[in-house]
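Letters A, B, C and D mark the chains in the order given here, with residues in each chain numbered from 1 onward.
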Amino acid sequence: MTHSPHKDYFGAKLGMWLFLFTELLLFGGLFLLFSVYLAHFPREFAAAGRQLNWILGTANTIILLTSSLFAAMAVTAVQRNQVRRVMGLIGGTILCAAAFIVIKYFEWSAKIGHGIYPGSEHLKAGPPGESVFFSLYFMTTGIHGLHVLIGGTLLAWIAAKVKSGAVTADNYILLENGALYWHLVDLIWIFIFPLYYLIL
Amino acid sequence: MDLAEQSHTPVKGGFWSDTGKTGITAWIFSTDHKRIGLLYLYSTFTFFLVGVVLGLIMRIELMAPGRTIMGPDAYNALFTVHGVVMIFLFILPGLPGAFGNLVMPIQIGAQDVAFPRLNLFSWWLYISGAVIILTSLFTGGGPPDTGWTFYLPFSARTATNVTLAVLGVFIIGFSAILTGLNFITTIHRLRAEGMTWGRLPLFVWSLYATAWVQILATPILAITLVLIMAERVLGVGLFDPARGGDPLMYQHLFWIYSHPAVYIMILPAMGVISDIIPVFSRKPIFGYKMIAFSSLAIAAAGSLVWGHHMFTSGMSDRAILVFSFLTFIVAIPSAIKVFNWVSTLYKGSISLEAPMLFALTFILLFSIGGLTGLILGAAATNIHVHDTHFVVGHFHYVMFGGSGFAFFAAMHYWLPKFYGRRYAEKPAIVAWALMFIGFNITFLSMKVLGMKGMPRRYYDYLPEFATLNLISTIGSWILAVGLVIMLVNLFRGLFYGERIGSNPWGGATLEWSIPTPPPTENFAEEPVVTHGPYDFRALKGGGSGGEKF
Amino acid sequence: MGEQHHILSYGKLTGIWLILLTLSGLTVSITRIDLGGWKVLGALTIACLKAGLIIAFFMHMKYENRLLRGLLFLALTTLATYIGFTFFDVLYR
Amino acid sequence: MNVLILLIRAEVPVNPAYLTTTTEAIDPVFMFIFGTCLVLLVGITAVMIGFVIRYHRSRSPEPTSQVAGNIWLEIVWTVLPTILVLVMFYYGWAGYLALRNVPKDALEVTATARMWSWSFSYPNGQSASKLYVPVNKPVKVRLVSKDVIHGFYLPAFRVKRDVVPGMNNQVWFVATKPGSYDLFCSSYCGSGHSAMISTVEALPEAEFNLWLQQTKAAGNLDGKTLLEKHGCLGCHSLDGSPGVGPTFKALFGSQVKVLRNNRPETVTADEAFLKESIRQPTATIVVGFQPIMPTTDLSNSDLQAMIEYIKGLK
């Protein structure tokens, strides 16, 4: 048949985008809660937000943006059939992912060290808004972190495909979709960052 | 079990045998949309029967006031499991999963869906989710007792096994998302030459609208369920007033998904009806464009009315104003559909074979359900009947009188195509009559009970409600008898009934232009579509691309 | 549907990346100084700008056909309405 | 258009005295919408059946027309339903407003919902497990929940409002005839949901005032009334019948298997144990029961009275 289901380049990309929409709406639910509770407790949110380490936040923003750059470049590289460079760039992306996770780890452990974690006595004692803020913070960054891990693994797998020659200049949809997924992870963070670390 | 039956199906040929592969693995690892469709049919169907039995047991408990056969906790578990099974395991995956997979690719002249392996994966997700839900019944604190709505804070407090059940639903939601994106991509990319958007069968249109709802609404359910689990496991307290949470926010999130979900249930059903009615009146569907468009309109407007489930919750009056208004707006496209279906009959040549009977019954029952929906949609009247058996009556009319009967219609209409044999007409009619009568007795009395003020999810009730409950219970037995006769006749027919040709009903959509049962690749050579889906005159003149019949 | 494979040069991508970094810097700086409610607006506008850049270039949306762009718009408006309509309750309770 | 005007009207004005009872406000709307729907349904069904009979294959072997649509018809049956539903919507909304604007002179009662019992307290400190109201005087009920979401539902007066923890919802109604009316918990709240029912007792003004004064005069209440008032009897029976909580019958002095921090032990239900079980219910959990008993703040005298009463239950 004309479009054989298996090598439909645009179809595959369409499918990926549709999936990204669902990811967007998944986090959308959390942003919905954030906006509502922000409206409920502007002051408490401001106070709680200041307790987050904005320097680490900024660092992670830069890291993710850079990783996104690498991912995008990887696509260009594969289109130009520069296989070794593709490997290098994907490697870079994955390194950034790792760095991001490490920083997150320190952030979280610091907070937990201060007795700030969902359902902690400290939060139960504190003002209502604070508990809500941090619960949201942990849920959102937690789920986002999970996506970083998934994205990283996905790219690693694709790198293997590139190496084995399954992904090439004339059949790179896999890599392109992988990159798309990675950019989404970045997109989400672009909103998490100001909302949780900076605003107020 | 069901699969075993299939392997000794008398009819050979078509996708049953042409791959040469047989045995269970040829099914559960097959990427052929037809086999996956049958997998969905049999799995959703099995769970449906589970739900039915639970429903009947519930009715027995409600037969008389006080304790009849079980205690309150057992009853609460029953309606929860009944609701969860019926909604998440049967009716949501049912029509798209089974008949969407079986016929949609053929109807658009494609070999398969866009992502066949993903399609199989979706089914596996569905089954795993189902298994998890079932395990939740027998492990931990026992079956969940929260109602299918999992309202917090109760669902965070109860000691029953809510977390596991919710996890199962979460996985099933994921499966629905993947099916949705698969169908959208398929409909955009794999239409055969000449299959313009204006020539898509209305069933395909309805699946397209459904798929969008699945994609845009289900993620919200996913995150909501994650939050329930977090609430129970970590105690995040996001909906706990003591810690600044707002219980109503949970309800918002839940209904943002679950109202659109009811249109996931009904849209494919409407598609089935729009495909059947023209065939059995030998007349093109009336107002094709309007019906196709109204499907999209329902999907769009349907995502903006979730608040009508919260009129008594203490939500702001302005929100009630807006949501009540939009609820009435969403009724209009449904009205348009009904009017067009009825007009299709005008000056046709109507034959009342089983599929048509069920289709016409759908119109009636769905109208009753929908119109009671309007009573629920009006702020003033909702207050009185909210959370009473009136609501229970409403949604059984739309879900079971609607989607359910459409499912029956689809089973009688399409399954013979895939089995090469058909059911016997007379028993089908008898079964239909019994179900029609039993259905109305069962659920009409619930509506009256609701108007008299009997709250739902009540294990015990005051004597003044006794008579109607008894009547309702008796009705449910008639209904069940009808169901049994129907199913026996249907499946007996499929396996041992009389053989049929490629186009028993004289349909003009593509699935009738290929051999019965269809071969694995559906079309010998890529069909070229030359006429609309309900253009029966073209049919007489030799029909569309693909084989002659 | 045309399947154009537009290739972005490394230079262009790096350029975008630099803009993104500057924008991030900007966000941080405006939120350090006290602007009251405007902070929220400013930070979010910048965030949207950044998102726009990433979608348009890193994700090649600028070079995709109208269908894909239309669908993206659909998804975003849906999310917006979900949030917006919830506020009919939250704001007027 | 229509909506905008209504958006402005969404602010609920408080009118001096009640113009209609809630029932009078709702029933006409119900009748109107129900009637319209019935007419529509009968109409559509009649036409459908008519067509099926007239154009059955036996009578019309071949379709006599192939028309596939008619723009005017489509417009008609888009516009008419639109108008129709807008009217329904409008009446629905107007009726709802009547439920929302509470008469100023309304008597205020606070309804406290617990798993699974109601208790009603009056401005003068009087309280009861039934909702006593004077006839022909609007009553405004503040809805307070101690645990999960419950629903305050009076079918006879067509009013219903969820009782949500952390929210201050309220309803108003007025009983025009003396008598006793059902009060249900409409929102699912667990095992005792369907048992969480009470009644509205509408008394003539004079009788009501008498009631309001008398029991209060009696000063400190006896154990049984206290148990009832604090909702204990929602879970504990006095006659040994099974409930969500262990029965109080023959409890005192009996041997009770309990879990203390999840370690099983057997204790004698002496005064100390009862005190503890009531003051901090989660300290010991009776084997075979859920740890769902709420803490209730009780004055020592009340607590003592209750325990004395429980002792008496042989």
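Just so we're on the same page, a residue touches a chain if its C-beta (ideal position, glycine included) is under 8 Å from a C-beta of that chain, and two chains touch if they have at least 3 such contacts.
These figures come from a predicted structure and were not determined experimentally.
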Smallest count of steps, each to a touching chain, taking subunit B to subunit C: 1
Central subunit by CA centre of mass proxy: B
Computed distance of Cα centres, subunit B from subunit A, in Å: 35
Cα-centroid distance, subunit C relative to subunit D, in whole angstrom: 47
Length of the line joining the C-alpha centres of subunit A and subunit D, rounded to whole Å: 45
Where subunit A and subunit C are represented by their mean Cα positions, the distance between them in whole Å: 15
Multi-chain contact residues (two or more partners), subunit B: 188, 216, 220, 242, 246, 248-249, 252, 256, 314, 317-318
Contacts with two or more other chains, residues of subunit C listed in rising order: 67, 75, 78, 82, 86, 90-92
Shared-contact residues (touching 2 or more other chains) in subunit A: 10, 14, 18, 21, 24-25, 28, 32, 36, 40
Inter-chain touch pairs (all): A-B, A-C, B-C, B-D
Complex interface listing, subunit C residues touching subunit B: 67, 74-75, 78, 81-82, 85-86, 88-93
Subunit B to subunit D touching residues, read off their complex: 72-73, 76, 145-147, 151, 153-154, 157-159, 241-242, 246-248, 281-290, 312-314, 317-318, 320-321, 324-325, 328-329, 331-332, 335-336, 338-340, 342-343, 345-352, 360, 363-364, 367-368, 371-372, 374-375, 377-384, 386-388, 452-453, 455-462, 534, 537
Subunit B contact footprint on subunit A (complex, rising order): 1-5, 8, 10-11, 14-15, 18-19, 21-30, 32-33, 36-37, 40-41, 44, 118-119, 123-124, 127-132, 135-136, 138-139, 143
Touching residues (chain side subunit B, partner subunit C) in the complex: 188, 216, 220, 248-249, 252, 256, 303-304, 307, 310, 314-319, 322-323
Sites on subunit A touched by subunit C in the complex: 9-10, 13-14, 17-18, 21, 24-25, 28, 31-32, 35-36, 39-40, 54, 58, 61-62, 65-66, 68-69, 71-73, 75-76, 79-80, 176, 179-180, 183, 186-187, 190-191, 193-195, 198-200
